[in-house]
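I have a structure I would like to understand better, so I am pasting it below and will then ask my questions one at a time.
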Amino acid sequence: MTATKKSFFAKFTGQVTLKRGVSAILIFLVIWHVGALFDDWFGVDIIGIGLVPPPADVFAAFLEVIPKIGYWQSWVSSFSRVLTGFLVAMLIGIPFGLLLAVNRYFRGLFFPPFEILRPIPPLAWVPASLIFWPTNEMSIAFVTFLGAFFTIVINVLGGARSIDISYLRAAQSMGASQFDLFWKIVLPGTLPSIFTGAAVGMGITWEVVLAAEMISGGGTQGGGGLGFFIWNSYMGGSLEQIVVGMISIGIAGYLSSSAIRKLGYFMMPWRRLF
Amino acid sequence: MAMGIALRMGIDMSANSSTTNQNGKIIAPQGFDLFVYKTKKYLGQLDPYLTLMGIGLWLFAYWVLCEGLQIWRFDKLPGPVAISKDWFAVDPFQGISIFTQEYYDHIIVSCRRILIAFGIATAFGVPLGLFMGWSRTIRDYIFPIIEVLRPIPILAWVPLSILLLPGFEGPVLFLATLASFFVTTLNAMLGVDSIDEEYFRAAGCLGSSRWDVFKNVVVPGALPFIFTGLQISIGVAWFSLVAAEMVSGDLGLGYLIVDAYMNNVTVPMVIAMITLGFIGYFSSAMVRMLGNKLMAWHVKELSQQGR
Amino acid sequence: MTKEKHRNSGLGALSIKNVTKVYDPEGVNVLAVDDCSMEIAGGEVCMIVGPSGCGKTTLLNAIAGFHSVTEGSIHLDGDLLCGPSKPLADQGADRMVVFQHGALFPWKTLQENVAYGPMVQKVLAPREAMDKASTMLAEAGLGSFLTKYPGEVSSGMARRAEIVRALINDPKVLLLDEPYRAMDALTKQIMHESLLETYDRTGVTIFFITHDLEEAIFLGDKVHIVTTRPCQLKKTVEVKIPRPRSYETQSSEAFRKLLEEVSDAVHEEAVKAFQAGEREMA
């Protein structure tokens, strides 16, 4: 019972949508501005946004940090942490997930403990890994890895197991070896799920890096990062800089997930139609 | 490898418990018989034994590393014996066990926070998402704002929410609600998008008003997506809750973990982690069960397709 | 008596005049229907046959009020459905659509599905609607499946229930868009017999899109063959096989002759469409 579905983007692009979108953002900024300055104007605080700096101040703070080298160093160290954890998770997670999918003995042995550990929120691992790993940097890397790992494995497993069995039979009937089956059918068939998992995993990785930087880097030896930038601004009581940090992380997260989307588009030409 | 993939289709065991009635017709087992049949069939397969072996092997490896041989760095972590000794002790060595009131206090506080946050997020997120899917105007105005705010990781909100909201409870609830809200809203909206246009057309030509369409097509059609969303949403709610409790909190399982770490007691830390895992698992299972109950049609459709 | 009724009623006459439809997705103009005209008398079974993606469904959508027309007009019993002054027809209970992929609401039981129309139109109280639905489903041989969800019954039964869901609203015209497309030949045969029986009972005008030539001749009073895109009327074949028709009808000499005639006309178009590489569109 599947028919032509309205394409999401086809339905909602166009002049009207653009105008409304822009005006929605403007309205949002105005509300932000009014809410922030409500106290100054009327002497009454709105709980929740009363203390937020107005957008203009945030913009000024942004201009202030942009030329500073420390701010960009935060970007670099956060990005390198995210990438390390994420890449390790991909390198281990993809083969692990595929093995779980294709070998029932492997699945029987490794899936249950995996499923037991999976519901534990990644951040709950932070103290344990701080105890276990010799350096802070290693424990951050480990927790980051964990965050992405579970998501990637589950997606790879689901993806590989939902491959239409007739593709495998067709390949076998054409004389494909086990090796071919894996590289020509199972792997490409799983690619879409790998990318879905990667996109979600990337989001989690950013969360975890941020938290780890705030929890452990809140000390001195964390080596900066955007999480530390926010935490430092918090300690210094600079609300403008907190918001600047939040926006920076938003941009960083957005850049990383669009990079994954681009890569997916590039690697899966057969899915470009959709 | 293909064989491995084929094997997952399951092996039909000959545990035949179907009974025959007076006319000699074979009837399918029901009730208790069905349960017995299913159990027998399950036990006849290899999987349960592999699972048991897997868990056993891992526990053993864990014990060997941490307690048996006390390998470097692993010796710092509590092993399975130490944990279970304390967990089930009337008078635990490190302060937390199933007999101490404190343990339950933390659990109850965390669960209450999740209930509130998840409840608020669902109560606002589902209708908002449905309206965004249903009305183009609403989507055009709301969606850009959500898309601008969404890339900011929930944890980046931590300092701001601590500064802006009063008390311990405010920031914690805010963070968990926010995380949950985005997921729920987007999934409800995508749920409406996923409804086949023919259902809208059918409803239209059967003479539905716009409100009829909303009640009879939009809401039920989006339900499968909504419940997928809710399962993810309760997961991220736990995720953010733990983070928030770890940073700013006075009670709760996340706080228990950090508190134990600060006080150099490792066993309560691990107990809290495992407890979080269990509760997290059960809460999402409960959401799933509720979903299945509300979507009998969906469950039956899937089972007809052999899924 | 039933046959008399529909021949006398004569309601549901569709007149399609010079309809043209241009799609404009992403700025690329696609001419789907070009100056297409047909007259369908009340109570007639009109079969539209043509190659995939030729714009037959576009025509149906224009009648049902799902799509606007670019030019031309469509009248139902002399009343304007859509025309230059009003490009998009209102969706109304006088024209009921049975969809290509089936559009019974999967979240409602068969009975709830059938009762839905009268309920939302407020012509019947919910209770009465449910009663009427169960009576009508029972007449269609679905009496024991009232509380089943569409996902639980076979596609043939679902399709039959969908036709009941349409008929409960007493439509003047029944619009069917390749309803039996995905069915095997044996089920199809049963569905045809059931549709013929329904038609003999109600005498509703039927506008039926299909690829299946035998189906077209077996069911229809007239077979309209349309060209590949843009859709234009190429030829009309009248089927003068008396009703009620039965399974045996299909082996008669008259049937085979008609089949040849239709087949010749449609084959040429199919070749053109195939060579143009049209992707089948729903």
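Think of it as A, B and C in the order they're written, each chain with its own count starting at 1.
Here is the rule we use: contacts are C-beta pairs under 8 Å (C-beta built on N, C-alpha and C of every residue); 3 or more make two chains touch, one makes a residue touch a chain.
Given the structure is predicted, the values throughout are model-derived calculations rather than measurements.
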{"item": "From chain C, the most remote chain by mean C-alpha position", "value": "A"}
{"item": "Central chain (by mean CA position)", "value": "B"}
{"item": "Centre-of-Cα separation between chain C and chain B, whole angstrom", "value": "46"}
{"item": "Euclidean distance of C-alpha centroids - chain A vs chain C, Å", "value": "49"}
{"item": "Length of the line joining the C-alpha centres of chain A and chain B, rounded to whole Å", "value": "19"}
{"item": "Of all residues in chain C, the ones touching two or more other chains", "value": "99-101, 103, 106"}
{"item": "Residues of chain A touching at least two other chains", "value": "1-4"}
{"item": "Two or more partner chains touched - positions in chain B", "value": "196, 198"}
{"item": "Chain C-facing residues of chain B, complex", "value": "196, 198-199, 201-209, 212, 216-217, 220-221, 223, 295-298, 300-302, 304"}
{"item": "Chain A to chain B touching residues, read off their complex", "value": "1-6, 8, 11-12, 16-17, 20-25, 27-28, 47-52, 101-105, 107-113, 116-128, 130-134, 160-161, 163, 165, 168, 172, 178, 181-182, 186, 203, 206-207, 210-211, 214-215, 227, 230-231, 233-234, 239, 242-243, 245-247, 249-251, 253-254, 257"}
{"item": "Residues of chain B touching chain A in the complex", "value": "1-2, 4-8, 46-47, 49-51, 53-55, 57-58, 73-74, 76-77, 136-137, 139-145, 148-149, 151-160, 162-166, 193-194, 196-198, 235, 238-239, 242-243, 246-247, 253-254, 257-258, 260-261, 266, 269-270, 272-274, 276-278, 280-281, 284"}
{"item": "Partner chain B, residues of chain C touching it in the complex", "value": "64-66, 91-93, 95-97, 99-101, 103-109, 116-117, 120-121, 149-152, 165, 169"}
